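Handing you this structure, nothing more for now.
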């Protein structure tokens, strides 16, 4: 088992590193991740939502649908724990 | 493109809101459980049928949540395929719920409302998965369905918690892999919207990062759908889960994940990249699917318990769909998508039948199935229809999807996959006829040993499953035939969403 | 922040991760995991992800660790590997 | 041929399928149930016969249900070939139904409702195969037939019946899924359609090698035709009650297999294509092996039903042989043999059943002198045997005569020799039975109390035996149908 | 060699994340103790968070909280603020991770209640007999 | 070393006057900070989620310092569950409400007809409402997670 686990993680790591070589260097302001959508958020979130904390603006509004389901995830977890652990009252 | 409507989100929100309300009111009285479970599902089913009619008439549309233009906001895509999936999910959930209600009452007295809270959220999560056109949103919804599933499975008895734990570990690995894949894509493209990503990917050179992203996203989904070598968690999890929960998981979970794989391939990575620039990978996956089908079918053959056998068949069917889709031609893809629908309905039929049998015999091991035809004729008849569908006997719907898959295999020249499909049909025939033989042609017990001539006047008392379990079963069995004969319109709707160049 | 501190945190993160999964005592492992989360949170704060750092501090180092400890105390601290 | 859309073919197919419902519902009332069975049988025959004049006049009927796959609807079409087969099958069903009633009641069989319902379903599927307008529809009914006959084979519910049922399914389902389905799919991929078209749809669409592969898959896939090496199910299926053996394994099931092959040869490949590739000759030599081997094996069987089964295997190959030779006479002979053999063989099986009902004897070696106690039964047996051997004045002569002429036309003298040898072998395995029954001394201990079987059993077998005779003198209708089918 | 070193230095965050990921994955698959598996899972998830957060870093940029009035008046220069999108995503991911952990721990308690141990091999032994 | 352990065992775990007093003193401040984090999420790091966790943590601290029963007295289980559900319902309800009043799902500016604030201010306000919902849900669920895990679902003594 240990050998398999080691092998799995080594392969996964190798593949991931293989992919990394394509990336823009770390902390490059011109990398695609930092330019395409995100600069739109940085430029427009304050004018469009009047929220200075850009993260909150994106979290609550631009990607509010995600956040809604995030709340549902938490709720699910709570319910699941109750379901799993509490014995029925009968 | 028709003008957007909010209907699809009402369809999704109905079970979600009902889940919360049920959690509030259910603790007060058990009376609330049934209306609050069935009500929203009826609403969703009706709504999704309306939506499908509308989409087929006016074409699909894209919906921007929060009125933010994509790729800045989250986009939802309502096209014929997703509308059909909505119909499938809500319809199956509704049908399964009729049978689930008495089961939950029996297995989890006192915590029905908790069970159905999770159950409804799971349904909402599945619907959300079908609609979303945002790669990260997909991850969140995937986790919703997973967490509810973990919880529901762990509610089972005996070894169920252990099965659930294994599923948590495997499921997390799957979800994390998917998230890694999306992370790589995000770093490459800077976007999370599927269509936007696809547009940017087209302009990118095909480097290692893209390949890694693709590999991780797809492998992650494979883990979630239990594609053969990664299937270890599924048989225990689904066969030990509470019966009511199994009724929902088995038909829907793997199928929705396959739908997601199709979405990710068609809408994010594009078939040009996935299939045509890497023919070796493409045929490799088809071969892997063929091996998966053969292995899973063989494993199923070794089971001595009806529900466990069905779970292995489920894994084999995953191989059908993955392989069929990766055949990368119009017929194969049509077959794979058609099989999503057909397999969901036939799995539901078989699991409903298994549940009905279990409600009378208590156990589903083969020894208990002897002579069941005498006591449960309707159940066994429906079971037989479902079995024929899995085997692929015309005119049940299973035949027609297999037809398309086989045809895709012929066109692609994938003889191994063709052979695997035929092999699996034969193995299914052996398995199911073993059961049919037990149920119809073996007398239970010693009374009629030698099996001869107890005349027409002798009848064991008929002891059918209660009506709430029987009615959905009969409806599903009938649906198998109706869907089979209605394959034509379904296929033409599926063809609307396939890429044009196929 | 200077790169020396950066490197120190990185090294500590790695050490904590390895220590957490190798500790023989599960309670110890949980606590080390808390430390690990806290170091991660430092790392993120340094990268400008203040919200993530805040969340990690409350959740990773706080709630997650408490939940782990609660579960370990309810079950057993023993661990064979 | 002009086809008019009509619901008649659908009605002819569905009447017995829907008939299963009243049969099942009248589970507790045998009289009502059996009246239903007879009523449906007669109704079905009348429906089929009502379409006969139009078909003889060169017309036809079609009915399209659903388009399930682009260009391939589930559709029915009545053409001379289908009409020919449907007429034979639906007429013989009436006889068998009546016979079944007598047989089942006398032996007090269990699960009779299941039996009659499966029977009705099977005949439905048989007519469906006859009236199919395309390969998909035919495959559909073919499979329905396989599954609906399974309960009949396993009817006895004992270990042997279950084993035979398993064998039956393995052969039938295994070949149809493993060979016929891929063949259908490859055909569709190659030709883009599956409609039965006179002259075939495959001409010029694929390489000779692929065509050969498709032909092999089809011949192997329709294992109901009993061509060796896929014949093993037929002797095994003889554990079924005798009406089942007689009708299904003398007429419906096996003839469906042969009919499917004939259909494929005539309407999918087309005689011209096969002639140009010379695959017909290869196929005819291949089935010759079955003819000879089956006849030889039949000689060694002591169980009467098993001997009949092997005889059936041999006779079925005559039909395929005739069609595979591809000359007009041989094809006429082959197709006619469907009817001639059906009448002859059903008589033989019904006699075997009547003997079992009356005396509980299964083995030929036990039948010494039995003919004197059951003269009618054995008289009918004699007629049936003569028909199968191919002697005048019985129907079998006409078809065999045509076959022989066809072999000469095709310049295949070896096949001519084989045909003659085989006829001698047929005589060799049938005539001793007759001899034993009438002329051998009864063994000691045979109860002299054995009487003829009940009238319900006896009447049908007389009718079919006389039918064999009548077919010799009045083969007009069938001949015209066959001519129409082949000339198309 | 220098090329590799340069590559490592230029992307050392990514290297670290891969190593952490490997540690986590190894623990998830290879460890027999169920709590260890969960710890591995958490480490795996933090590794992913590290990947995302790293992707959002910009040289010389500030935190994603801006002066509202200044922003309204003059706008914001995107190069001066780190990329907020990965942060948002990772907030969600953290929530998901803690939820999964919670459920997993609950299941763990059930398993302990049933078998009295948290070692996988011992549990399998108990099931076997 | 051994003696210290024995002494520790004699004193029940966590049964310490200093801890109790300081915990009780800290709880209000933590709660205040939690509320601040929720409300001030627009202007500083934090928001519903982090604030909710802090609020939950304050009760967890209480439960750790005393025992579970004591903390359940101050904040009952059903109350907690209702709060959590309400929190989630606030979010989903707001989303559905936006659609019901004629806008798109989660489009806060569509709520304009309810209260004339201006579409952009409504967006800001909508985020706030939603954050409160998140905060409530997270607080209650975190608390419930802790309760259940530390008592094995019995909700009795706890750790």
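Note that the chains take the letters A, B, C, D, E and F in the order they are written out, and that residue 1 is the start of every chain.
Throughout what follows, a contact is a pair of C-beta atoms (placed from the backbone, for glycine too) under 8 Å apart; a residue touches a chain by one contact, two chains touch by 3 or more.
Since the structure is predicted, the reported quantities are computational estimates derived from the model, not experimental observations.
Shared contact partners of chain D and chain E, listed by label: B. Contact tally for B-E versus C-E: the pair with more C-beta pairs in contact is C-E. Each chain's centre was taken as the mean of its CA atoms, and the one lying most distant from chain C is D. As a whole-number value, the distance joining the C-alpha centres of chain C and chain F reads 22 Å. In terms of their C-alpha centroids, the spacing between chain A and chain D amounts to 68 Å.
Separation between the centroids of chain B and chain D, computed from CA atoms only, is 43 Å. For chain E, the set of residues touching two or more other chains reads 12, 19, 21, 23, 25-26, 28, 31-32, 54-58, 61, 63-65, 68, 82, 85-87, 89, 91-92, 95-96, 98-100, 102-103, 105-110.
For chain C, residues that reach two or more other chains under the stated contact definition are 50-51, 55, 59, 63, 67, 70-71, 74. Touching of two or more other chains is recorded for residues 43-45, 47, 49, 85, 88, 92, 95, 105-106, 108, 138, 145, 148-149, 152-153 of chain F.
For chain F in complex with chain C, the residues that touch the partner chain are 37, 45-47, 49-50, 53-54, 56-57, 60, 64, 142, 145-146, 149-152, 159.
The residues of chain B lying in touch with chain F in their complex are 4, 6, 9-10, 13, 16-17, 20-21, 23-24, 27, 63-67.
Of all the residues in chain F, the ones that touch chain A in their complex are 41-45, 47, 49, 84-85, 87-88, 91-92, 95, 105-106, 108, 120-121, 123-124, 126-127, 130-131, 133-134, 137-138, 140-141, 144-145, 148-149, 152-153, 155.
Residues 47-53, 55-57, 59-61, 64-65, 67-68, 70-72, 74-75, 77-78, 81-82, 84-87 of chain A are the ones that touch chain F when the two sit in their complex. In the complex of the two chains, the chain E residues touching chain F come out as 63, 65, 68, 91, 95, 102, 105-106, 109, 113.
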